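Each of the next two complexes has subunit A plus one other chain: subunit B in the first, subunit C in the second.
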Partner chain A sequence: MNKEWPIWEVFIRSKNGLEHRHCGSLHAADAEMAIQNARDVYTRRQEGVSVWVVESKNITASNPTKNGEMFEPAADKVYRHPTFYVLPDEIKHM
Partner chain B sequence: MLKERLYDYLLHLGDNSMILGQRLGELCGHGPELETDIALTNISLDLFGQVRNYFQAAAAIKGDGATEDSIAMLRYENEYKNTLLVEQPNDDFAHVIVRQFLFDVYHQLLLKELMSSKDETIAAVATKSIKEVNYHVGFSSTWLKRLGDGTEVSHDKMQEAVNKLWRYSLELFKPTDTEIWAAESGVGADLDQLKPIYLEKIKMFMDEATLGLPEATVFQYGAKSGRHSENMGYILADFQYIQRAYPNMKW
Partner chain C sequence: MENKTLSLDDQFQERIDRGENIEAKDWMPEKYRKTHIRQISQHGHSEIIGMLPEGNWISRAPSLRRKVALLAKVQDEAGHGLYLYSAAETLGISRDELMEQLNSGKAKYSSIFNYPTVSWADMGAVGWLVDGAAIINQVMLTKTSYGPYARAMVRICKEESFHQRQGYEIMLSLCNGAGVQKAMAQDALNRWWWPSIMMFGPRDEESPNTEQSMKWKIKKKTNDELRQQFVDQTVPQAEILGLSIPDKDLKWNEERGHYDFGIIDWEEFWNVVKGNGLMNEKRLKDRNAAWDEGQWVRNAALAYSEKQVERKAKKIA
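After this line comes the complex of A and B, so read on.
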């Protein structure tokens, strides 16, 4: 039997209106404990107003050995950036 | 007379938090898991923060060069007014949690009353501290349930801790002369009123955690009037050593 507690990923919202951002991971035996641990480990200095936790095993990650086929084809597709439009002068901040 | 009573009452309030904070501080670096270690020392720091508020007020009343530090560090053992419960040792994690839980439920009820204290400082400290203590109750009661209603081993360890520590619980509610004065003058809480609510709450949490309170308990009293257990001398030896060996040392 594995005696280690499972690992959880912690996401913190630093202010209302901003998104939750991944800030680290921790050990906890259950979801309630994961929230309490996240509060004690990651929000001691007023870092957050909301906490999400998810058990790490529930996250599916891309395979780093396939980074070539996953990400490199996007490198030469400059036309996917909206940089080819001519903007009228009246529109100053876009 | 009134000033002396108020000073004495502030020590009653501060000493429980201080000695429990010291006990939790002993666990720094020794918690069962890194996360739990941080949680327990966070609680310790919450308690010390509250103590500072009480002792700053006490020092202002006492005058004569008294400071929060001299009140904390330079009294003799029989001048400390904390209860027997908070000086009990960190025998194992079950004892740490049960001690914390038995104190937290009392502490929460006490602070709720103190929020409407006639003394402005006490009311302000209570209003600030109640949020911290609400979290402490959440922390210790979920651990009580998790371990009490956990495996056979965790259940037995928790029951053993309850059996050992329950006898120290009711001292919290046995008022000293100062606490009677505080209740009558509206400065403090009426412990007689809080006791039945405490017993009901404890019973509810214990049921949920599948733990039982021992029957025919011989309750222990005396620390609030200065008659401490053997543990207290060891706590103060650690706590006061630097100030006694190097008077007025600061860092």
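After this line comes the complex of A and C, so read on.
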């Protein structure tokens, strides 16, 4: 029986000093082939100096229908931001 | 908390109206999902089938410079097909299903690829006109509401502009060459002009999906708006080449600030869409052969990876 190659998520570091960023996905039979394919599909124009691949099924994602309870509590915690604190204008570099 | 009284469909429309992007795991109306699967996969199929008319000329490119450019362009198209298939797969269709739809003829791809590429000048005309038309559509789609599709479009647009430039450069060389070379360029323009402006699809009043697509911000401009934009930008480019566009009704309309152009032969358009173009049969035959002949490679790679996993497991045990 013909089986589909698994899906991998691809992360590329565009240059040293920057983080790896998700750039897309692809199919490959194994991790080594996923790296090779990622090179051919996502770095044809020197877009990267490092590639990570992870099989998509290994990623756990938050549930967007729970976004309210997940992310909204941060909205009323304005005291976590520097602009919450009122200082005189003469104060510099703070 | 007014939102609670809104239906899911209305809430969805509100998100779209606010300019939010929709992501893969978000709730979406079934029709939004289906429309996207259809549109993104057709777009991906067009990239994959689009390799065939050009692949035809790689071994006969007139110089090494032209050959490496054409190879790179065709390789990009394979990549673009993959970006698009990946975007479609986020909506819950598998790669194998996508391939089955293409290979069986159930799915459509852009009809432009059902025209033959009979001379080297066609490589120029295809890059200049066909990629030019595709870019206009794709630039619009970078702002489309579905996130994975929009991101694929951004990547594609970045890569695509060389495709059009290399095509125009081919045309320019031919037009600056001997009379017979310029005649080749004119002949290619004659054959590709009308199919290229058909690429934007039926006229707005005959395009039943346009209204819903605009409402969901899948499209931001109508077929006729995009077609007009293409004509307006391409006419001056033809003048620089010293070629004439094969449309006796083409003329600048001062009042509209646009070029007027002649009536498109929609009968031909629908005929090719329905599968009666010169190359429909050959394209699908070649596509199926490539898929079938590659099956043992896909199986072997999978068998190899399974064996590696087993070996590793045995070593640990």
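Observations
The rule is short, and it goes like this: the second predicted complex is superposed on the first by the 81 of 94 C-alpha atoms of A that agree within 3 Å, B and C clash if a C-alpha of one lies under 4 Å from a C-alpha of the other, contacts with A are read in each partner's own complex, and residues count from 1 in each chain.
Basically, a contact is a pair of C-beta atoms (placed from the backbone, for glycine too) under 8 Å apart; a residue touches a chain by one contact, two chains touch by 3 or more.
Computed from a prediction, not measured in an experiment: that's the story for all the values here.
In the superposition on chain A, A:45 contacts subunit C only, with no contact to subunit B. Once chain A of one complex is fitted onto chain A of the other, the partner contacts of A:27 extend to both subunit B and subunit C.
In the superposition on chain A, A:7 makes contact with subunit C only, while subunit B stays out of contact range. Greater residue coverage of subunit A by touch, when subunit B is weighed against subunit C, goes to C. By the document's definition of touching, of the two partners only subunit B reaches A:36; subunit C does not.
When the two structures are aligned on the shared chain, A:63 is found in touch with subunit C, with no touch to subunit B. On subunit A, the patch touched by subunit B and the patch touched by subunit C overlap at residues 5, 26-27, 29-30, 33, 40-41, 44. Touching subunit A in their complex are the following residues of subunit B: 33-36, 38-39, 42, 135, 138-139, 142, 146. Those residues of subunit A lying in contact with subunit C across their complex are 2-5, 7, 23-27, 29-30, 33, 40-41, 44-45, 61, 63-65.
Those residues of subunit C that touch subunit A in the complex are listed here as 23, 25-27, 72, 75-76, 79, 82-83, 86, 89, 94-96, 151-152, 155, 159, 295, 298-299, 301-302, 304-305, 308.
Residue ranges on subunit A touching subunit B, taken from their complex, read 5, 26-30, 32-33, 36-37, 39-41, 44.
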